[in-house]
Structures are given as C-alpha cells and as structure tokens.
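Lettered A, B, C and D in written order, each chain numbered from 1.
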Amino acid sequence: MEKLRIGIAGLGRLGKVHANNIANKIPNAKLVAACSIALPELTYAEKELGVTRTYSDYRKMLQDEDVDAVVVVTTSSEHCWQIAAALDAGKHVFSDKPLGVTLEECKMAQEAVERNPHLTFMLGFMRRSDPSYAYAKEKIDAGAIGTPYMVKATGIDPESAVEGSIRFAKTSGGIFLDMAIHDIDLMRWFLGAEATSVYALGTTFKHLEFKDAGDDETGVAIYQFENGAVGSIHVGRTAPHGYHVETEIIGTEGSIRVSPVPAKNLSVLYNGQGVLTECVENFGTRFDDAYRLEMEEFVDCVLSGRKPGVTVYDGTMSTRIGFATTKAWKTGQIVRI
Amino acid sequence: MEKLRIGIAGLGRLGKVHANNIANKIPNAKLVAACSIALPELTYAEKELGVTRTYSDYRKMLQDEDVDAVVVVTTSSEHCWQIAAALDAGKHVFSDKPLGVTLEECKMAQEAVERNPHLTFMLGFMRRSDPSYAYAKEKIDAGAIGTPYMVKATGIDPESAVEGSIRFAKTSGGIFLDMAIHDIDLMRWFLGAEATSVYALGTTFKHLEFKDAGDDETGVAIYQFENGAVGSIHVGRTAPHGYHVETEIIGTEGSIRVSPVPAKNLSVLYNGQGVLTECVENFGTRFDDAYRLEMEEFVDCVLSGRKPGVTVYDGTMSTRIGFATTKAWKTGQIVRI
Amino acid sequence: MEKLRIGIAGLGRLGKVHANNIANKIPNAKLVAACSIALPELTYAEKELGVTRTYSDYRKMLQDEDVDAVVVVTTSSEHCWQIAAALDAGKHVFSDKPLGVTLEECKMAQEAVERNPHLTFMLGFMRRSDPSYAYAKEKIDAGAIGTPYMVKATGIDPESAVEGSIRFAKTSGGIFLDMAIHDIDLMRWFLGAEATSVYALGTTFKHLEFKDAGDDETGVAIYQFENGAVGSIHVGRTAPHGYHVETEIIGTEGSIRVSPVPAKNLSVLYNGQGVLTECVENFGTRFDDAYRLEMEEFVDCVLSGRKPGVTVYDGTMSTRIGFATTKAWKTGQIVRI
Amino acid sequence: MEKLRIGIAGLGRLGKVHANNIANKIPNAKLVAACSIALPELTYAEKELGVTRTYSDYRKMLQDEDVDAVVVVTTSSEHCWQIAAALDAGKHVFSDKPLGVTLEECKMAQEAVERNPHLTFMLGFMRRSDPSYAYAKEKIDAGAIGTPYMVKATGIDPESAVEGSIRFAKTSGGIFLDMAIHDIDLMRWFLGAEATSVYALGTTFKHLEFKDAGDDETGVAIYQFENGAVGSIHVGRTAPHGYHVETEIIGTEGSIRVSPVPAKNLSVLYNGQGVLTECVENFGTRFDDAYRLEMEEFVDCVLSGRKPGVTVYDGTMSTRIGFATTKAWKTGQIVRI
C-alpha cells in the first residue's frame, strides 16, 4: 500500500490533533517530518509520534525529498506564505483554516495554487467532514429539503473556555473573524451561492472585558446572497452547556438542523430535575472525527488525484466575508461584499 | 342545545376534577346534583359549582327525576353497587376506575349493565382519552405499525408523592392492584386480545416501609396473550423526575412510544448541566385533558346514543388480571388467567 | 359566584374560538351578547351558544346594560375605534391583536385607555398565556438563564395553508405586519426593553405569487435594543411539517427554547424512516389552551381588579416596530425606531 | 514506543474490523500475524494490512515468537480451545464473545486463564467500551442514579438484516443465545450482581420462518437477581428503523437510558411527515468506536499490566444465563440459575 509521506508544520493544540491522526489513525499516511519553532513540540513529535526528521526552519523541511505533502497548522498569519512556499517546492498542501489574515495574503496563496495545478491543496474546513454535516449535505444534494434558501448558523464556545478568549480579545481580530469563518463557509457551502451584503450587531452582557478590548461577547450577522437566499450567523463565547455549534438549513420542501442538541453521546439522564442530555465540552470532542476524516480526505485526494471539495477560493471568500462582517459590526452599516 | 343533567357521587380529589369539568368545561352537560357523606364536599359543590341539590344519601339522589346520569367517583369498594343501583334507577352511569375491588362485585355491576341495555355505562379509563394515547390508537388502527404484538407499559409515581403511598401500602391491595389497572387496560386495548398467563416480580430498594407493609416499591410483570402477543408492565413509586407514564406498542412494521419523556410543556432549557426537559409533576397535570375528554365522550355517548369504547367488561377483565398479577407476585409462580 | 357578562364583536374563525371559550369553558364568564355584520355569525351565536341578544350595530351592543365587557375580534382595521367606543361606554375591553393597523389609530385607542383608568383593557397576545411560553417567562423571571440578552423568534405557517396566504398577499400589509406582531411582542416581553433599530430581508423561492404581490414568502429581521440586547425574527409561509412557532431566549447563564419541535403530542413513532415526531397542524391546535387561558386572565383581571400583563402600549409598540420592520424590508435600509 | 505484536485468528466480517483497528488505528499495537482456514482472508491480511506472517494452522501461529498476543475472532465453537491453547503458549488473549457455546468449554477456558495469571485475558463485550455505555457506567459509579435496582435491556436487529437471521435460525441456538449475550452482560455489569432465576417468552408475528425453525422472532425475559434487583431483556429481529440497542438502568435516585433513539448522527430532519431522526443501520455502524476502544483497552492492559474489566467469568456467567433463559423459553417454566 502506497503511503503519503507528510511533514507537519506547527504542533500546538490542533497541530497535535492532526499529527496524531496522521501518525496513528490514517492507514495510507505516514508522519515523516515535523517543523516547529518551539523545541518541546519537536521533542513531542520525536518521543510520542516517532518522527525522526524534525525542523525548526520551515524552508528546510520543504527541501526534504521524503516529504510528499505538508500540513500547515501554524499561526494564522503564517499560513499563506507557507502554503505558497510548499506548493512551489512541489509539495501537496493541507492548511488549517483560516486561509490567511488579510485578503492580500489569501490572493497570494490562491495564485500559488493556480500556478501548481498538478498539486493538491485543501483547506481545513473540517466541519464539512463531520458525519452530521456531511449527512446534511448528502441529504440536501439528494433533494431532501428541496432548494435551500436560508441558513441559520450558530457557534458558541463553552463558557468554561472564556478566560482564554478574553485573553486574546485584543488580538483576535474580533469575534467575527475569530469565530465565524466556519459558519460563513457552511452558509456558502449549503446555499451554493455567494453573499452580497451583510449587516451585523454585537453585544456583551456577561464579560465586560470583551467590550474593554473593543470586542464583543456575542455577534449576530445577516447576509443577503446573490441568488436571493439569506443567511444568519450567531457567534458567542458563553454557552453554559458546552460547545454549541448548530446549523439549520431551510429549503422549499423541508429543513435540516445539525446538532440542535450537541449531545455528548446517546445517553439520557432522568433525575430530580427532569430529563437531561449532557453536551460536548469543546471543539476537540465535537469534531474529533471530523479532523481525522478531513485528513483522510486530503490523503485520499492526493493519492487518487481527486480534487478536494474545499478549495483555496473557499478560503479567500470566507476571509473576505469575515472582513465585511467585521466592518458591518464596527460601523453599524450595511456592507456590500 | 340539550344538556345532560348529571349528579355526581364523591367529591374527593378526583371527584372535584370531574365535578369542575361537568360544571364548567363541558358545554352539553350540567352538574345538577351532588352526593357525599362528607359535608364539606357538599358545601364545595354548592359554593364553588352552584349545585343546588345535594344529598348525603346516594339512593335519594337516584330518585331525583332531574338527574339523567350519575358520575361515580366514590371509594373503589362502593363503585359496583352504586353503578347497579343507578342503572336500575334508570340513570346513565359513568364510574371511575377500578370497576370494583372483587370479581364478584364486578360481575354484579356487569349484570346490571346487561339488564339495562338502553342505558349508557362507561368506565373511567381516562388514559384512552388522553390526546397522546388516542393518537397512538388512531395511528395503530390506521396501520402505522402493522400488527401490534407487544406492549411495554410503565407507570411510576413521582417520588414527591411517596409518603402518601407508604401510608396506604397496607390497605392498597398491593402495588399491582393499586397501580397497574390502567396499564393492564392499555395492553388489552392496544393488543386487542386477552392475557392468558402472568409472571411477576417485586423489589424494594429505597423505601423499606413498603416491604414492611408486605408491599413492594416496584413491580414488574410479563404477560402471555391468547393470540401469541406479549405484554410487560413496570410500576413503581419513586420516579425522581415526575409522574412517568410511558407505553410502547410494538408492531410488525413499527412502534409507537407514548410519552418516553413526560415533558411538562414544549420548552427546553439549556444550562450548565446540559439540555433539560422538565416533566409533569403528577397525574392531575398529566391527564388534565384526558379527564375532561372522557367526560365529554360519556356525555356525547348518552346524548347521541353511541356506545362508549370502554365497557364494563374492560373493568372486569382488568380487575381479574390485576388479581392474577398480584397472585403471581405473591407466590412467585406463573399464574394462568 | 359572580360572572362577567361579555358581549363579543366578530364571530369569524378566531371569534368563534373566543365565543366558545367564553360560553363554555370559563366558569366565571357568560356570553350574553354577540355582534356581527354577518347574519350567519349571529345565527351561530344563537343556535350554538345560546346567546339571546344579538346585534348588527356595534354601538347598539355598547348600550346594552347587561354587557359588562366587550371582546373585540373584528377585522384589524376596526379594532381601535371599537376599543375606544366600548371603553367610553363604560365597558371593559379585550381586543384581539393587532391593536390597530396605523399608529394614529393605536394612539387613539391608547388615549381611550388612559382616560378610562378604572376600566380593564387587555390585548390578545395569547402566546404569553400559552403554558410553554408562560413557563419560559417564569423560569426566566426566577433567574434560570441569568439576564436575557438575545431573542431569536421564528414563526412559520404550515405549507398546507399557503393558498390562503397567497390570496391575501396583496392586502395583508406584507409578511412582517401580517406575521411578526406576536414575535415582536415576545422579543419585547422577554428582553424587557424596546427596540431602537431594525434591518430586514425578504426572500421567495417557492411560491412566486408572493413576489408578484409585492410580498415575500420568508422574512428575516434583526433588531438592536436600547439596553444593548439583540433580537431576530424569522417569519415564513411554508413549513412542511406543520405550524412552527419557536422562540429562543438566551441569557448570561443559559437559554430556553420554546417549541423547537412543535410536537402534536407526547407520542413518538419509530418506523422505516427513523424516529418521527408529528407536529401541530395550525395555530388553532397549537394555541388552543392559550386562547382560553388569556380569556380566563382577562375575566379574572376584571373581576379582581388586577391589571393585565399585556397593555395597550404593547399594542402600540409592536405595531410601530412592525411598520419599522416593513420599511427596513422595503427600502433595504437600517431603520431607527 | 513499545508496540504489542498481535496475531489475529479469524478474518470474517468482525475479524476484519478488529484486524483493521489493530493495523491502522491503535498506536501501540501492530498486526504481525494472521491465521485463517480461508485463503482469501489471508490474502486480505497480506494485501490490505501488510501482514507478512500468515497461518492456516492456528497452533503454528502460537509458536511464532514474534507474536505477543492473540486476538480470537473465529467461529464461537472454536473460541475456548483456542483461548486455552494461546494462553498455554504464553500469549495474551483477546477473544470475541461469546466465551464458548457450552458451559464445559467455558470452564475449560476459565481454567486456562486461572493457570496463567501472569497473562492478560479479555473478552469482547465491546458495548462496555462504547462511549455511551461507558458514560452511563461512569455516571452510575459516581452516584448519579443512586443504587441501580433494575435494568431493561433491548436489542433488536434491523429488519433489513432479517434474511440472514432466518437462514441461521435452525443453527443459531435460538434467539436468546444468539442475541441476548450482550444484554445479559450489561444487566450483570450495571447491577453488580448475579441473576438467580429467569422466566421467558417468545413470539413471532411477521416472519413465520423463525417459528418453523423452532425459533422465535422476538424474545422477552425477566430476571430475579440475588440482591433483589430485577432485569428484563427484549430481543428481536425486525426493527424497521435500524439497529436498536437500548438499555435503561434504574436506580433509587434516577435512571439512565442509553440510546432510546439510536440516532445516526446529530442531524434532525423537518419534513412533510414531521420531525425525523434517522437511525444507525447496523451493529458495525453503531459500535464502530466500541470495537476500536475495546482493543485499545486490551492493548493498554497488556502493556501496563492492568487487569481488564471484562473477565473470563463474565463469559461463563453470560453463557450460563443464556442457557437458562433458553430453557425457560422452551419449557415455559421459571428456571433457577
């Protein structure tokens, strides 16, 4: 069996998830190299994952001939040049979202993809690989809800993680850029159309630190799409019950709700308070399978020559819409996209 | 509009429910008389319900020519003779369940019904009038689950009411006679067949007072039916979440569960513990509509000459099966019915 | 027992619901008079409800000294003057929603209420009386979700009723005025604050007749509230599963969803397609209890001298917000309220 | 990282699942050898899983010094001697359920485990490793439902697989031995006690071929436990909605239902029929994770010297109870265990 030889760049929280999947869970992939500017991350790769070739210089890893593909899980602001450099070095590339933090960067990465059409590029919108989301898309493509004309997307981080969000509030780019990228991608994916305008509001009732940092705890946006469809997004930081990602897709013949109750598992508890379903605690638990499945998809695309469903343009568009949403939120105006 | 003139016998907890429904909620009925051996109950009827003719002697009320029908909500041991006397006095009769506390009594009531075929008799198995149960029956009759071949019936009182149950444990006739009559009726109703044998077990883990009284806190029974179908009953005293009445009817093409989550209403709470549905507290709340609807049905049957779905034989059979279940439980043997 | 003597104006579909409740379901009320310009409606009142005093002239009914209170269920454009006239004639008034169809009318009714402070006026926002909504409000008032800061309100008519909606599309005032009044009231009620601006979009994918009539099949609006809270409304005409009214109230410590699954009853069907919950077909079924309970509340308020929770100002405000929403939808602009 | 070197015996449907997990999904395990009497299965192991050492003689594989542990997934009747032989050859052993098909065999395997206390033996009751079941056990051990005193276990195969069940009806040992072993284990596990008697019934309404083969389509059994607890089992062949495994554990302070709705994923469909949850199709889909997790547990136990939670005695006891249940079903008598 042919195995794709992968080098990973970045072994932070999510990088470790990807690295472990590649090393241990994906039959036709092999984690052969790791790159990080943090020494402990390289030690982790060696000790825990048996990676023998470690690099602190990303460009050096790109020269490694035993590396077929690069998985980029570095800081968002590094994604684009690393994508371009890897492609230009002849490597297939999987990059985690977002594509980039500016539109210029995104365009640069886009051009690198375009000038290397023989190479595979895939962006890590892992929700599309989640079994529940993939099921929704399949049902919709099979006509289960007629023509989709509205998407209501919700993504709320667990209150238990709010300290971290507060800490990064000043540098995160604001709640929409930080949190809504996946929801934006889902709207576009399910509607099969592009947004043309956005209006947005923010609010902060619990953790005023967000306000102090020029951010908001909760954001709501509403989008007009080119084909007449509408979309709405609600992002937040303070779900008490766990990690709440929910998407409703409404069509002419029905609708699908993905995860209205983000159940931890199939058990239900009957106790003195009523009938209770416990919920997933965080994105790791919720999208555990999705991270593995998107990587399987990437590896399979490279090995089979198939094109991934998520393209570089999805990255550019979601970033563009993220910026427009942020502008709408900051100015209180309707923003054309 | 013709109105059925009703006299009620017994104005205890459930009697008041019926009396209020007749007086205030059923357009074509009128509460004209009330009978009780408890003076405050008669005062209640006068003051709260505007009943002008009150009796402490049941037989006197039967002589009242302005009473067309009698509703019997007295102590169970009085039901049968009161039913017979009312019928023989030319009154239509609605009696609350159980029909009687001995089979001999039941037979006596049965004979009175048979010798007065022109009069309407209906027994208060109100669950059959509950919208959820009535819906299940309609769906089943329409073929939604094919041929029903198994019924799993559960009825658990709320823990909050356990003190009362403990107090009556010695005189209640045991958990199956006290609690399973409705479930027995439901099994027979949904399966359209009679039980031929029963095996039963009891257990007590929380309130040992039940054990001390020769009773059990929880009872489980399994029934063979003449047509090959099977039924099971689970009754108990200690549901922490509320009043739990649930019935599953399984057929060759599907199954229906009535009230797996006895939700108080259509609201769902998301909080620090998860996603929570609060439940109905007691039988009054759960079967509020059913009590009204069964009385509507009785009144409508009398006025239109229709035969009620619940017959005197349903009363006899459920009592008989209740006794057989109790014998199985007490002896540890399989009991033929 | 004292009984409130009520005269009803208007006995159309909803008028009949109210008339039946008053005549048959509310112990301390009596339907003594009926007024309609449609003769069959008066015949109905006489034959079905035993009303002996019928009027084709509303002002005549107001002169009836045996009428303590008037229930107004006429065409929306008649509400305000009828309210004012009744109050000025010394009658208590219950009016169905909306208060009026112009703000000038609403103000006129408002002034009549203000100059008759000894009389009870209540507006028919019956959702507030629905057990599920009332439960949500109680839980929220008891602190179950902390401080509410966001309401997402959804109201979608069943596809089965779409023909009627299409027929009235030209004269309904548009989807927001026709459908969102209740949702607007719910937002204000749950947030305890007033909206200051609105942005709205409409879309039509299935029944282009709405577009032809200058209307839309689906409307979405987003509101800023004075206290920083936000609200969103989604109204539509084409729910395939039934009548879908859902409201989510989000607070700093939790959230409540009222009716995410508008279940017809407590039964669940397991069949070849999966696990299925059938839904309520229409507003009558869904809000049957609410219509009765709001009338009980009105009667009780009059008899006890309590002030109803729904005031004339709720009527004016919801109408004002309805107009603002419609303007936002029509102009594509953010509208200050 | 140390890796456990595993040889697998049997590569049928379930054998392939285990083999793939060992080869690709379990970081600290390595599939080094495979044994089968079916040549295509060995070819599969070589081609798909890269296994270089293949055996058609089980005893030969036991002589392979590079094999640390043996995973037995052969025909049930081969389990016991293969377990004993592997242990006596110094190999750790994981065997799929059931332990054996006669009690004598089970005892033989038990003795082999006892005379090799330094070796790890684990039985494949994979439901215990399923996240939902493991969660239920953890909650219960943490006191969430007080003292468990009743277990209601249900296991119904999908109607879509009924042809296969009919084909094997004559040789399967009957519905209880074929289907209830897992449910029996769950009852014992959750109650922490042994059953002392059983009563059982069978019924066949849809596929009379079961009856013709001396089997039944549906089986129901009720158990008395030594500590006073009770258990019930409902097994069947004809779930229309999918693969239905559900277990309710009832305690003095609450209850847990594992999988009352065996949802395929977190999506819910709103369509013309109502609100629909699609269900898992088969045991492979339902217990995919469980098969992997139980193997992880086995490997981890061997490498760390921990004792697995599932012992050889669990195998003997469940087989014994399975025989007793079958006897009760066949004779119509209460059977002491």
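Keep in mind that, in the parts below, contacts are C-beta pairs under 8 Å (C-beta built on N, C-alpha and C of every residue); 3 or more make two chains touch, one makes a residue touch a chain.
Remember, predicted model here, so these are calculated numbers, not experimental data.
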Interface copy of C-D among A-C, A-B or A-D, with over half of contact pairs matching by residue number, is A-B
Computed over C-alpha atoms, the centroid farthest from that of chain D is that of chain C
Averaging C-alpha coordinates per chain, one finds the centres of chain B and chain C separated by a number of Å equal to 37
Expressed in whole Å, how far the mean CA point of chain B lies from that of chain D is 42
Expected list for chain B, residues touching two or more other chains, is 240-241, 253-254, 260-261, 263-264, 269-272, 278
Within their complex, chain D touches chain C through residues 159, 239-242, 244, 261, 263-264, 269-279
In the complex, chain A touches chain D at residues 1, 20, 23-27, 48, 50, 131-132, 135-136, 139, 144-145, 253-272, 278
Listed in rising order, the residues of chain D that touch chain B in the complex are 146-147, 149-150, 152, 199, 201, 203-206, 218, 220, 222, 224, 228-230, 232, 234, 238, 240-241, 250, 252-254, 260, 332-334
